[in-house]
Structures are given as structure tokens and as C-alpha cells.
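One chain, subunit A, appears in both complexes that follow, with subunit B as partner in the first and subunit C in the second.
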Partner chain A sequence: MSLFRKIHDWLNVRLGVDDLVEKQLTGYLLPANINRWYSLGSVLLFIFTLQVISGVLLLVYYVPDADKAFSSVTAIMNTVPYGWLIRLCHVVGSNMMVLVLILHMLSVLFMGSYKRPRELNWLSGFVILTLVMAISLTGYLLPWSQLSFWATTVATNSAGAIPFVGSYLVEFLRGGTLVGPYTLGRFFALHVAVIPIGIVAMIGLHLFLLERIGVSAPPFGLPDTKNPWKGDRFRHEDHPGGIPFFPNYLLSDLTSVAIYLAFFLLILFFAPNMFLPKDAFIPANPFQTPAHIKPEWYFLPNYQTLKIFPNEFIGLMVQGVGITFLALLPFIDRGREQHPLKRPLFMVCAVGGILLWIGLMIWGHYS
Partner chain B sequence: MKRLHNISFSRLIGVVITFLLVSVAPTLAEGDTVCIQCHGSQTGRGLAPVKPWQGSIHAANGISCNHCHGGDPTDSSNAMSPQRGFLGAPKELAIPDVCGRCHIGIKADYLRSAHGRALGKGGPTCVTCHGSHEVQKVSIELINEKNCSRCHSYDRARIIRGAMQQTEATLVALSQRLEEFKGRGVDTAGLEKRLFAQRNSYHSLFHEVNPAKITAESAKIAAELNLIKGSLDKIDAEHHQRKVIGAFAVGAALLGALLLNLLRRTYS
Partner chain C sequence: MESSSRRKFLVTCLGAMGVTGLGAVLYPLFRYLSPSKDAEARQKVTFQLSELAEGGAHYFQMDGKAGVLVRPKGGTIAVFSAVCTHLGCIVQWQKAQDQFICPCHGGQFSAQGAVLGGPPPKPLEKLPFVVNGTTITIG
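Entry: the complex of A and B
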């Protein structure tokens, strides 16, 4: 008997490995008409893992002190062996995480997978998006460059528009009246400890819900489940006659991860400065405001919305209403139909919303 | 009654001036010194230095009126008080000392040169060639027929310019390359310091009028600049190598995707 066989048998009698593999991998069936868009979740898991690994490696050399942060990042980029690769992985990866997360949410939107009984999947995903935005914002300050300092000043300033509590909120976020060493300490703690724990917990919840409720079938094709949700009792949506998760769909997931990796490496090696403008390499100077400071691309629509309205509070309110509407969409859009072409009102609103979001982003970039 | 009337009148003038200052103030940029606020609202001679200074290298580096002319830039009523160190426009002989407060080495170079030795005897001061309020970053362009022939023939200056031209071109090219590298996240601090030292040595030649000495010094500077260029070339080569590795990595990922997809198809 081979050693591998012995280990397998030893584990099997204790943990029931064969049964676990059958239930969770080879016997776990997915909808027969499942498409490539479903693998974006796995791509996101891969990106998040890469972010954690590169983040931990950066922590070895990064110094969260306003006097040393910029020079420590400069040293990572120039003197630490492969430090440039690790930092660029983290920077490009953070942008990719937001991009892929948005694509994942759009696919869920257009395929109607957010509809009942998956309201909680959508909500937990929405919380993940918010946390990813928060981790990106807090991480932006850490290099203590002109870009990070002034972008954080602009971002935290927006909170001041909230009536009554605005000024207290700004002071709470900054740890003082202005962005300074205390802000760096707070953002660092949020970026490396609080928010990642929150993201891991929410990913856990998201996957638990996915596993518990079952994978939704795409609206393109015949329904394959014998257990559709009726609202009377809990039913796990299974897909008899579907394709096994292992090896079939796992290989599909890995193909998507490899395609993503090619795209990610292409940016990392050939256009890393796409996400690192010149001001990212100038140390923070609280006495010199750069001429054209802009937030990251995914915050540009929010930034431009604040600029459009004569009052920042109105701008914040409009954004708040929009975000709340999107978060509560499964409770508002209660129709059963999932096919996007059979939901004309949804299509008009979704396409209009996306165009508006892109338009605001472009406007924000050039304003 | 007449005295009272006089007091009221002077108060009225005071109120009017205050009102005018207050009404002008919002149109000026926040952070301007009182010198700029006051001169900016004047016309003619009073206004003349403001615009040229605003476009100068001094303004770009935060060197304001008071750094040369003294005085208190924060107190409008005492800005031009001698008690607060106001010097006014320096006299011809005092100009090298005023500029030399910051440009110490350059002042020494100037005083050693034929130009400096002729100070007070019809020779040029710093502002003759560099201008005063409109002073710009020094370049070889400063040595030109129009400038030099205001005082003497351009013949010798032409030889000097010819000898310095290559160094100038290399300095400019290296500055641009360093700036571009900096924008890519390369730590250029060490190289910038070395370039700064060579630029200073080069600028000190501007006040030299001996072509043989200029040629010899230019060769020394050129050798140092070549070393800096070598360092930049090395970084460039390293970045190029990264791209080659990157191309292989992208290719490997795409190949992996293709193989995984083929494997998936064999199962389906």
C-alpha cells in the first residue's frame, strides 16, 4: 500500500474525506447552463488572497510613521529585493479588486441573481463592496505622498457636509482638525486589521449563503432545478443533471483566474503608472496643495457628484439615496423574471445608471 | 472745532483706505504677503514688479519681496519700516551682497570674475544679466549677443558659450530623465544631489571669462555627468529586463489559461 493511500485511509476513517469530496466537489452540481461570469467570484477570491499576501510582505518593511512612511515605501520600491513587484502587485491588485467586484455585481444584476431568495447574498456582497472601497481609501493614505495626503484631505472633508455631526466626524476620522500623523495611525489600523477582518467575515457569510441557498441558474436556458424557491419553507436549490464543481467548473474558474492573471501582469509590468501618477512619488507636504489632485477612478463619480451640486450636503444625500436604493434593490425589485431582456424598466435604469456613473467618472477626471 | 473737524476728516480717510484695502483683499490670492496685496492693487511703478516676480523662479521657490528688500510681510502698516529691516531697492554696489546672502558661492565666483572686478567701475551687477524681479532659472541662453553686446563685443562670449553648450545640453537631458524616472517611483535623491553639484559647478563657470579654464572645467563636469548617465542607463536596462520578464509572465498566464480551458473541455 502506497504512503499516499495510507494517509488517505487514515484521514478517511476519521474525517470522512471521500464523503466530503463527493458532497462538496465531485457531487456538487452546478447549473448546466452556468456561464463564465459566474467565475468572477473565484477571481475575486484569488485577488483578495494576493492582496493579503502582498500586504503582509509590505508590512515587513513599511513604517506607519508620518516621518518615515514615504521613505519606507521608497525603500520598498528601490532597495528591497523584489519590493517593487510586491508593491505594484498590491497597488494594481487593489484597483483590479474594485473593477472585478463591480463586474461581478453587474453580472448578478443583469442575470437577476440578486432576487429572492438571495437578498442576503446581495446585501453581503454590497457590504463587501463598501468594505473594499474603505480598505482602498485607507490604504491610499499609507504611502504618505502628496497624492495620498491631499486625496485623503478631500475625501475626509466631504464628511464635514453632514449637518450637526459633520465637523465631529471629520475630526474623528482624522484624529485632529487636519490630516496628520494621527490620521495615518488610524487609517493604518483600519487598513491592516479592522477592515480585512470585516472583509474575511463577510466573504465567509457570502460563501455560506451561496452554499446554503444554492447557486442560482442563469436566466438563459431551461430551468433545471426541481426545488425552486416558493417562499413557504427553506429549500436548497440543487441542479440535478448539472455539471460537477470538480473538476469541470473548477477548471473553468482556474481558466478565468489565469486570464485575469495575464491582464493583471500586463498592467503591472507595462503600465503600472496607470494607478500611480507623479504626485504619488512626492512626499506629503501639508503646505503645498498640488494643482490637480483627483481621487482614484472608482471615487471619481462620487467626487464629481459633490461638485455638481451647489451644496455638498445635497451631493452626499443624492449619493446616499442612490447607494441605499442599490443596496435594497432585491427588496424593491420583487418580480420573478430574471432575464434582462424581459425586464425593460430594469434595463433602462441599469444601462442609464452605468452610463451616468461612467459619464461622471470621465467628467470628474477632466474637470 | 477745527481740530475736531481735522480728526474726523483723518478718520474718514482711514475708514476709506481700510474699506479700499478690504474690498481689494478678496480679489487677491490667499497667502499673498502684504507687499503683494498692496503693490498688486497699485498702478504704474508700484505695480510693475508684481507680475514679473510672480513668473520668476524666486516666486516658484517661495522667495518673496521681503527676502531681498527686508521689511515685515505680515504687517501692512509696518511692512516698509526700517525698524523691521526694510532695505528698499539696493544701491548698485550693494546688489552682489543682497543676492549673495543666498547665492554665496555664486557671489564669490562673480567677485573673482572680470565682471565682478569691474563692480562700481561701469561693470555689470547680478541684475544686469539676470534681471531683478523677473529672474529665471539660469541657462546657457543667458549668454547671447543681445545681452552681452550691451556692454562689450560678443566674440569672447561666443567662444565661451560654444564650450559650455554640450554640458548644458547634457545637464538639461539628465534633469529631464531624472524627472521622468522620479515619476516612475525610482529613488533619484542621490543622483539628483550629484547632478545638483555638477550644475552648480557648471553655473560657476558662467562668471568665468577665461575660455581655456572653461574648456578644462567643462571636461571635468562632462566626466561626472557621464557617470550619472551611466547610473540612469543601468536603471533603464533593469526596467527593460523587467518588461521582458513581464512579457514571459503574461505569455505563461495566457498559455496556462489555454491549457486549463482545453483540459476543461476534455471533461465536458
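Entry: the complex of A and C
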């Protein structure tokens, strides 16, 4: 008997490994008409893991002190062997994570997977999106460059438009009247500890819900489940006759990860400064605001919305209503139909919303 | 048979690609985490002789190691590594006795670095230095 076999048997009698593999991998059947878009969740898990690894590696040399932060990042980029690679992986990865997260949400939207009984999947995913935006915002300050400093000043300033508590909230966020060393300490703690723990917890919940409720079938093709949700009692939506997760869909997941890596490495090696404008290479100067300071691309629509409205509070309210509407969409859109072409009102709103979002982003970039 | 050899070839290619990919990831990671020689390197350390009174000692860092510049009473200036040759503790200059004592296990060294007593197996390592007028340059 081989050593591998012995280890397997030892574990099997104690943990029921064969049963676990059968239940969670080879016998875990997915809809027969499942498509490539379903693998974006796995791609996101991969990106998040890469962000955690590169983030931990950056912590080896990064100094969270306003006097030393910029020089420590400069040393990582210029002195530490392959430091540039680790940092660029983190910078490019953070942007790609937001992009893939948005694509994942769009696929869920267009295939109607957010509909009941998966309201909680959607909500937990929405919370993950919010946390990813928050981790990006807090991470933006850490290099303590002109870009970091002033983008954070602008971002925290907008909270001041909230009536009554606005100015206190701004001060609370910054740890002082202005962005300074205390802001760096707060944002550092949020970026490396608080928000990552929140994201991991929400990913855990998201995956638990996915497993418990069952994978939704794409609306393209015949319904394959014999146990559809009817609202009377809990029913796990299984897919008899579907394709096994292992090895079939795992291979598809890995193919998607490989495609993602191709794009990721393309940016990393051929356009490394795509997400690092000129001001990212100048140390923070609290007495000199650079001209045309802009937030990251995914915050540009919010930035432009605030600029459109004459009153900042109205701008914030409009965004708040939009975000709340999107978060509560499964509770508003209660129709059973999932096929996008059979939901004309949804299609008009979704396509219009996406075009508006892209339009505001472009406008914000050139304004 | 043909199918089996093709499979074997493909598995070998896949394995080689995997090993290459793993190497491409692990090598930068190893280099990134390896201690940097440049970061600790201090090319030379310079002092003014006036900073050091007779019978006194001055501690400094060079190449990531502790060193000591000593000016014994009536003696000539000497520069040593301050690391005890026994177990690596930092030797302390005793002005009154004109000698070094290691606080860890009581090793004793003369102002010239020679072992006077205790467990140290060899003398303190001498560091090269140049005196130029009122300036001393170590390294």
C-alpha cells in the first residue's frame, strides 16, 4: 500500500474524506447550462487572496508614519528587490478587483440571479462591494503622496455636507481638523485589519448562502431543478443531471483565472503606471494642493455627481437614494422572470444606469 | 500506446510549466524577503577626535554591526567590533579599569582587545581606521 493511500485511509476513517469529496466536489452538481460569467466569483476570490498576500508582503517594509510612509514606499519601489512587483501587484490588483466585482454584479443583474430566494446573496455581495470601495479608499492614503493626501482630503470633505453631524463626522474620520498623521493611523488600521476582517466574514457568509440555497440556473435554457423555490418552505435548489464542480467547472474557473491573469500581467508589465498618475510620485505637501486632483476611476461618478448639484447635500442624497435602490433591488423587483430580454423595463433601467455611470465617469475625468 | 505517450508528454510539459511558473513566483518572493546588504551597509563612519575624551569610548554602528572606538588613558586610539567573541553580547567599556567587560558572562578584554579572562575564545575583532588630523575615519 502506497504512503499516499495510507494517509488517505487514515484521514478517511476519521473525517470521511471520500464522502466530503463526493458531496462538495465531484457530486456537487451545477446547472448544465452554466456559463463563463459564473466563474467571476472564483476570479474574485483569487484576486482577494493575491491582494492579501501582496498586502502582507508590503507590510514588511511599509512604515505607517507620516514622516516615513512616502520614503518607505519609494524604497519598496526602487531599492527592495522586486518591491516594485509586489507593490504594482497590489495597486493593479485593487483596481482589477473593483472592475471584476462590478462585472460579477452586472452578470448577476442581467441573469436575474439576485431574485428570490437569493436576496441575501445580493445584499451580502453589495456589502462586499461597499467594503472593497472602503478598503480602496483607505489604502489610497497610505503612500502619503500628493495624490493620496489630497484625494483623501476631498473624499473625507464630502461627508461634511451631511446636516448637523457633517463637520463632526469629517473630524472623526480624519482624527483631526485636517488630514494628517492621525488620519494615516486610522486609515492604516482600517485598511490592514478592520476592513479585511469584514470582507473575509462577508465572503464566508456569501459562500455559505450560495451553498445553502443552491446555485441559480442561467435563464438561457430549460429549467433543470426538480426542487424550485416556491416560498412555502426551505428548498435547496439542486441540479440533477448537471455538471460536477470537480473537475469540470473547476477547470472552467481556472481558465477564467488564467484569462484574468493575462490582462493583469499585461497592465503590470506594459502599463505599470496606468493607475499611478504623476502626483502619486510626489510626497504629500499639506500646503500645496495640486491642480486637477481626481479620485480613482470608480469614484469619479460620485465625484462628478457632487459637482453637478449646486448643493453638496443634494448630491449626497441622490447618491444615497441610488445606492439604496440598488442594494434593495431584489425586494423591489419581485417578478419571477430572469431572462433579460423578457424584462424590458429592467433592460432600459440597467442599460441607462450603466451608460449614465460611464458618462459621469468620463465627464468627471475630463472636467 | 501512442495515446499513453502523448499523455505522458503533455503531463511532463504541464509539470515543467508549473515548476517554471512556481519558480517565477518564488524567486522574486525570496529576493524581496532576503535581508538587504545595501540597506545596512555604511561605507565609512567618521568622528572628530575632540568628541572623545581620554579614557573614554564611543559606540557606533557600521555594516549593521556594533563597533567601539576607544581612547585609553596614555594609550593609542583603537577601534574594535563591540561584539563579544563568546556569545555575541555587546562588551562595555570600563573607564576605571581601562578594559572591556562583557555583561553576559563576565568576559574581560584589554584596551587592545586581548582576552584577559572569562569564556571568550578569541580577542575582539579589530576594525580598520585612518586618523587624518583631527578626524578619524573607520571602515
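One rule holds for everything that comes next: the second predicted complex is superposed on the first by the 367 of 367 C-alpha atoms of A that agree within 3 Å, B and C clash if a C-alpha of one lies under 4 Å from a C-alpha of the other, contacts with A are read in each partner's own complex, and residues count from 1 in each chain.
Keep in mind that, in the parts below, a residue touches a chain if its C-beta (ideal position, glycine included) is under 8 Å from a C-beta of that chain, and two chains touch if they have at least 3 such contacts.
Since we're looking at a predicted model, the values are computed, not measured.
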Subject >> Clash or fit (per the criteria above) of subunit B with subunit C on subunit A >> reply: fit
**OP:** Examine A:Val60 and indicate which partner it touches, taking first as subunit B and second as subunit C; both and neither are also allowed.
**Re:** second
**OP:** Could you look at A:Phe234 and tell me whether it touches subunit B, subunit C, both or neither (first, second, both, neither)?
**Re:** neither
**OP:** Would you check which partner chain A:Phe281 touches, where first means subunit B only, second means subunit C only, and both and neither mean what they say?
**Re:** first
Original post:
Looking at the overlay, what does A:Pro81 touch: subunit B (first), subunit C (second), both, or neither?
Top reply: second
Original post:
Looking at subunit A, does subunit C or subunit B touch more of its residues?
Top reply: B
Original post:
Taking the superposition as given, does A:Phe164 touch the first partner, subunit B, the second, subunit C, both, or neither?
Top reply: neither
**OP:** Check whether A:Ile243 is in contact with subunit B, with subunit C, with both or with neither, and answer first, second, both or neither.
**Re:** first
Original post:
Just subunit B (first), just subunit C (second), both, or neither: which does A:Phe4 touch?
Top reply: neither
Subject >> Included angle at subunit A between vectors to subunit C and subunit B, based on C-alpha centres and rounded to the nearest 10 degrees >> reply: 60
Original post:
Once you lay one complex on the other using chain A, what is the shortest C-alpha distance from subunit B to subunit C, in Å?
Top reply: 8
Subject >> Touching both subunit C and subunit B, counted on subunit A across the two superposed complexes >> reply: 79
Original post:
Any idea which subunit C residues touch subunit A in the complex?
Top reply: 28-29, 31-34, 36, 38-39
Original post:
Which subunit B residues qualify as touching subunit A in the complex?
Top reply: 182-187, 242-243, 245-247, 249-250, 253-254, 256-257, 260-261, 263-264, 267-268
Original post:
Taking the complex as given, what residues does subunit A use to touch subunit B?
Top reply: 74-75, 77-79, 84, 243, 247-248, 251-252, 254-255, 258-259, 261-262, 265-266, 268-270, 273, 276-278, 280-281
Original post:
Which residues of subunit A touch subunit C in the complex?
Top reply: 57, 60, 79-83, 85-86
